[in-house]
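Written below as structure tokens is the structure these notes are about.
Going by the order they are written in, the chains are A, B, C and D; count residues from 1 in each one.
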């Protein structure tokens, strides 16, 4: 597809305004986490993308039918207010993914309604917020999402996410992280669902400036390109009553007469 | 585990009583489809299993907390009344699967609430009911579910189920069926979800006596053994706040000082 | 990569000259099978590729170090003279694949030395040459190799290849074929090996004009684009003695003192 | 299968006798590493297995046709003298694996001829021998090989093996290790090849007493049970000329007349 990939960067936009976090967030992310993520994509992908943002506090969480109808890839960062996302919007996003939209689920988005609905599991994990170092190792060097990133990506401070991560076995496992506490985590995972693609990438806690890290920005940019749809038709798979056989077959031969 | 696998065979038990189907069903399945499936498992697995049945028309669809607490493997056949299964029971079954219970989803159970919830996709497919022959080919000969079945299993008459089958890519693909109309179908698929295992097996329309077929009975018996839990603990994975690191690590060396 | 993908289409070029086949081949493939495959790629991909051919009867089978050093994607069709391919050339191709070159293995190439070496299995299958119809069904509709092909691709006459196909489970299964004889076959399979990608696609027996089929040409063009390397560095993975740890860790806490 | 699993524990038996290592080996492994591994299997599996050992210095490396004909599962530890293993024996083991024999490849066996032949890749990795702590995390808790092991297994001192590990993507990824240096490694990996099963497990350097660790012994015992064949027939898959179709099919309908 030669036209730009239409990306919507969705942000919970809670920590940016909460009493506890707003000061630190303003320093790390003056335009919000969604603003930083959007800026990173535009910086790295230029004319290849057309990026907008949407946040949970907007009408219909900023994900109206019209917005989704014009979104090729959606990125999702949420944490504190997953339960406040309306089921109707979740269903709408779910249908769009099954129809072909790419979805990047980021960090604490592992517990979002949309990710749990797509995975079918609890999506639970182990965690500890103690400013661990995180090393992000590539285990699939020919994967397009790993193109141009060092081995390993070094994130000097980050919340620890550890196994067991209760997800379906990834269709493609791209990154595995190690933490200074000794934990490991499948931190970059791909799945296909319906006609759409899903990429989960774990680095990105709100208390650390991870989305300004050049290698992390590269991974997100690669992820958007990988997840972009290959078709302009966004109809989810549907049941189909086949009118008639293409082959006029019948059992032949004595060996199957029983 | 040396004690018997506790199997609950769940049946929708609708066609058995519907005006349109009851006569044919009484001939093909005098004890109901669930009765036939249960009898096949007991016949082939003997003392290795303890089999009971449950049906949708029972209180809580026969799947009370007590029944599920004593079920290692659940088999699920439904078709006409998926929507009538209560969400509460579906959630209960879902939690039990994530905790380790095996689940065999049969034929039109592809559209059951529990299967869709576990898969995260539409689970739609193509179909045609024209008494096609179905040949069930093994594509994973070392898989325990394929043990002792011929190449191919020949089902002389069966509803056609064809691709595209909208499921997550199976963790283990065991069988692929070909139909006399030229269609193909991933008819034997395994997934791991949480601590539990799921096996989908498609042959088994109510209008054909498929569950009396010796090779089909063998597949179901193998499936029960494969899906049986490896632990007596049925707690689903849960989020865990790690109290402290096992390793006292810190970044070392100048190359990561940035 | 904005520069053209450098494709080398390799042909055994035996049937084109054998007494038994040369007349029919001249009608179906006046420029050889390799010529037809190369023409199809150029027709569909235009400036995005730079295509040349090489054949087994050439010096070093046309796959000198220089040719391979300038090949991004290699396609391989062989059948009657697999044993005549020198081990030295096979090792050279193998190293190039592990270094990042894409490889498309076509039809009877399943028994080529290079495919067996990359797969580690016998790569055996069932077959019958009786002009069966082959229907090629897409089972991964979001896969780039399936973009723009109908469901199913209809090949009116073709040799039958059937299961069990003794290959490692594909990393990505794109197509499954059904035949008029009732057989099925995993006909479009992807693997990653080292830093390279391998795509096997089965339609294409020399006795049928399959490589002129527009949908088959589309699959090959998609396959070349999918298999193209993401890096200009073609060094295979190599053992590496890590000089020192990135993290200065030690076991901490009494619980691990044992 | 109710009869005991016939296990052959194969050892290189080099470090046990080399001038540099023999003293330390005698302390850690007075009966050789193969002796310790064999003793662990017998201790944990009792009558369920019948265990013998074989070593590289024996005639035909102790792997005569007769020994292999009576082996259900082979475990392989080698390191310093991979090149000294004869290709004839490697081919014999390869055929037996494709025919259904289970194979456990241990630690430095990643560079053995048999593993490379089965994988098709370089099997290279990163390493550092600096007595790192290794934490072995389960990422597939329902997998039988993970039954009964703690989360994580703590190995207090061990050689570091790190990514990128150049292997085909595992069919089933069971364990991922983290090291005190920050590295990660896919340390427990399953593949199916032909009719056989392969399990690679990395903990086990000769300089540390890893095979006396109760959890490591448990993993090996689980691995043997998982890899055991499901059939008494050990013929590798072979090409098969199908005599005739099971279905007498032909293309039907105007839509395929083109």
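Following the convention adopted for this analysis, contacts are C-beta pairs under 8 Å (C-beta built on N, C-alpha and C of every residue); 3 or more make two chains touch, one makes a residue touch a chain.
Here is each chain with its UniProt name: A, B, C, D = Trehalose utilization protein ThuA.
Not measured: the values here are computed from a predicted model.
**Q** So which chains count as neighbours of both chain B and chain C?
**A** The shared contacts of chain B and chain C, listed by label, come to A, D.
**Q** Measuring centre to centre, with centres taken as mean CA positions, what chain is farthest from chain C?
**A** The chain lying farthest from chain C is B.
**Q** Through what angle, to the nearest 5 degrees, does chain A rotate to match chain B on its C-alpha atoms?
**A** Rounded to 5 degrees, the superposing rotation is 180 degrees.
**Q** When B-D is set beside C-D, which has more C-beta pairs in contact?
**A** Contact tally favours C-D.
**Q** Suppose each chain is reduced to the average of its Cα coordinates; what separation in Å results between chain C and chain D?
**A** Chain centroid spacing, chain C to chain D, equals 29 Å.
**Q** Mind checking the centre-to-centre distance between chain A and chain D? Centres are C-alpha means, answer in whole Å.
**A** Here the centre of chain D sits 35 Å away from the centre of chain A.
**Q** Please report how many Å separate the Cα centroid of chain B from that of chain D, as a whole number.
**A** Inter-chain centre distance comes to 31 Å.
**Q** What parts of chain B, by residue number, touch at least two of the other chains?
**A** Residue numbers touching two or more other chains: 133, 135, 140-141, 152, 154, 162, 164, 169, 171-172, 178-180, 182-183, 192, 194, 237, 244-247, 249-251, 256.
**Q** Going by the contact rule at the top, pick out the chain C residues touching chain A in the complex.
**A** Counting only chain C, the residues touching chain A are 100, 133, 135, 140-144, 147, 152, 154, 171-172, 178, 180, 182, 192, 194-197, 229-231, 237, 246-247, 249.
**Q** In their complex, what parts of chain D are in touch with chain C?
**A** The touching residues are 98, 111, 117-122, 124-128, 130, 132-133, 154, 156, 160, 162, 164, 166, 168-169, 171, 179-183, 191-194, 236-247, 249-251, 256.
**Q** So in the complex, which bits of chain D are touching chain A?
**A** Answer in residue numbers: 133, 135, 137-141, 151-152, 162-165, 169, 172-173, 176-180, 182-184, 186, 244-253, 255-256.
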